[in-house]
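Note that the chains take the letters A, B, C and D in the order they are written out, and that residue 1 is the start of every chain.
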Amino acid sequence: MAPPQVSPEVFLQMGREILAQQAFSVLLGTELNALSPGKVELQLVLKDEHKQQHGFAHGGIVSYLADNALTYAGGTAMQVPVVTSEFKINYVRPAVGDKLIVRAQAEHVGKAQSVARCQVFAVSGGVEKLCALGQGTIVKLGESPAS
Amino acid sequence: MAPPQVSPEVFLQMGREILAQQAFSVLLGTELNALSPGKVELQLVLKDEHKQQHGFAHGGIVSYLADNALTYAGGTAMQVPVVTSEFKINYVRPAVGDKLIVRAQAEHVGKAQSVARCQVFAVSGGVEKLCALGQGTIVKLGESPAS
Amino acid sequence: MAPPQVSPEVFLQMGREILAQQAFSVLLGTELNALSPGKVELQLVLKDEHKQQHGFAHGGIVSYLADNALTYAGGTAMQVPVVTSEFKINYVRPAVGDKLIVRAQAEHVGKAQSVARCQVFAVSGGVEKLCALGQGTIVKLGESPAS
Amino acid sequence: MAPPQVSPEVFLQMGREILAQQAFSVLLGTELNALSPGKVELQLVLKDEHKQQHGFAHGGIVSYLADNALTYAGGTAMQVPVVTSEFKINYVRPAVGDKLIVRAQAEHVGKAQSVARCQVFAVSGGVEKLCALGQGTIVKLGESPAS
């Protein structure tokens, strides 16, 4: 990804260009709110098409946000192309609200991999409620099982 | 979900009706291939809109399939309304191909929760390749943190 | 566990009595440094008998500390008898040093379960280095699969 | 680990020598019942010193067995020195009985890492009951964060 000397604005812009290349993120309407090395915030305005049979956002939407945020956090911390090789997620509250926000940060950064954590919040009328927590491993693309 | 005396055909049909109520699954185009108590197969024909910037299906698509399959496996094993309370997923190969198939089965079934596992395969020209493995907890809706 | 009106000293003492009832923790030599509702610190002075073939503390020692700390954090947050129903752990550095310290905190507390996170540090000459991160679910004993 | 042309007996013997070098496994009394490339069975005769305050084997004993079995399964599949970089475990029943048995197998084997799964059983009077399921990543020692 970006070399460290890039300005915060350019760094965020580069992150948004990557998001724009993810057809799936474009389909869902994901937005990149903030990005710095090892740290990211993504958001998704909830629409009916994101829901499951109980009227909540589908768990798959929440896990997608977690996966994507972990990848951004690990990738910008390591400054190389990466993929998420594994993660776990705990859902703690139904994802109900106007939008979802996920914040992730790299907790450990190595040469070949990093470990990141994230929190997903459901936002209703400006009030954030924690709805999921994730933790996963992000690996250099060339050394990944998925590369 | 369905009482045990229902015929296999009706059981599958009931499962498809639930899938049809998941707006997100309809958006993605997920199909329910097979369903019996504690066991499920879902598939998703891959389209460009499912991809990320490297040209693979987005990890979020794969984790959505894992989440959904685990919920079906646990829910049909327990025969009550459920949600997936947590899961972990390991990606082992890029999700590239014509379609993705996920198979899940309940490995332990209790009164209030069950533990299920799944395998996601990328299918190209009829050949299946393992691309992810998941394991998670499915809980009764009324006792769930997300209910 | 303890009712909320108990003094911090008594609360810690009650936690130490529980630890003293864990024969396995006594065998290993685990100590309870600090305990308050939803928050715990355990430590283990490393001995040769804790090691594996590469000379590090065995991963099983680290995962035991994570498991135990998650249970304390969740149990003191919920103020009921609990067990850890599941957790995941990422090892990020060999557990080498004089002692290991684990700190856990409840991140979400519900009626029937809570989700907690922990960090395990290897301490050498007073310097702490992060060696593992965990996240898991703690459930009320009566409603648990393991009760 | 062992080159592929080694006889099954020698392979098992080499596995037992590694176990004998794990001081922690010696402390606990772990035995290696069976070992072949990508597949392992370990057992532990339960003693009072393995228990927690409810009279079950401590979750840390169960997670130690899972961790160790996953490492054996991944290491013998890859035929290189390895460590477990992460795993998750679901406890589904109290670990009560005469002994615990864990069986693990590699589910995917790559050059730099493999993904393995395990099942832990509590054995009473010859009857096995599933008490935990695990899944994790095993990585080549040289490329590991923990090496």
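In the analysis below, contacts are C-beta pairs under 8 Å (C-beta built on N, C-alpha and C of every residue); 3 or more make two chains touch, one makes a residue touch a chain.
What you see is a predicted model; the values in this text were computed from it and never measured.
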Longest centre-to-centre distance from subunit B, chain (CA-based): C
Copies subunit C, subunit D: same or different interface, half of numbers shared as the threshold? same
Between B-C and A-C, which chain pair is linked by more C-beta pairs in contact? A-C
With chain centres defined as C-alpha means, what is the inter-centre distance between subunit C and subunit D in Å? 22
Per the C-alpha centroid definition, the whole-Å distance linking subunit B and subunit C comes out as 33
Whole-Å distance, subunit A centre to subunit C centre, using C-alpha means? 28
Going by the touch rule set out above, which residues of subunit B reach two or more other chains? 85-86, 88, 90, 92-93, 108, 110, 115, 137, 145
Where on subunit B is subunit D touching in the complex? 88, 90, 92-93, 107-108, 110, 115, 117, 119, 130, 133, 135-137
Okay, in this complex, where on subunit B does subunit C touch? 85-86, 88, 108, 110, 112-113, 115, 137, 143, 145
Which residues of subunit A touch subunit B once you look at their complex with the stated criterion? 18, 21-27, 48-54, 56-61, 63-68, 71, 83-94, 131, 141, 145-147
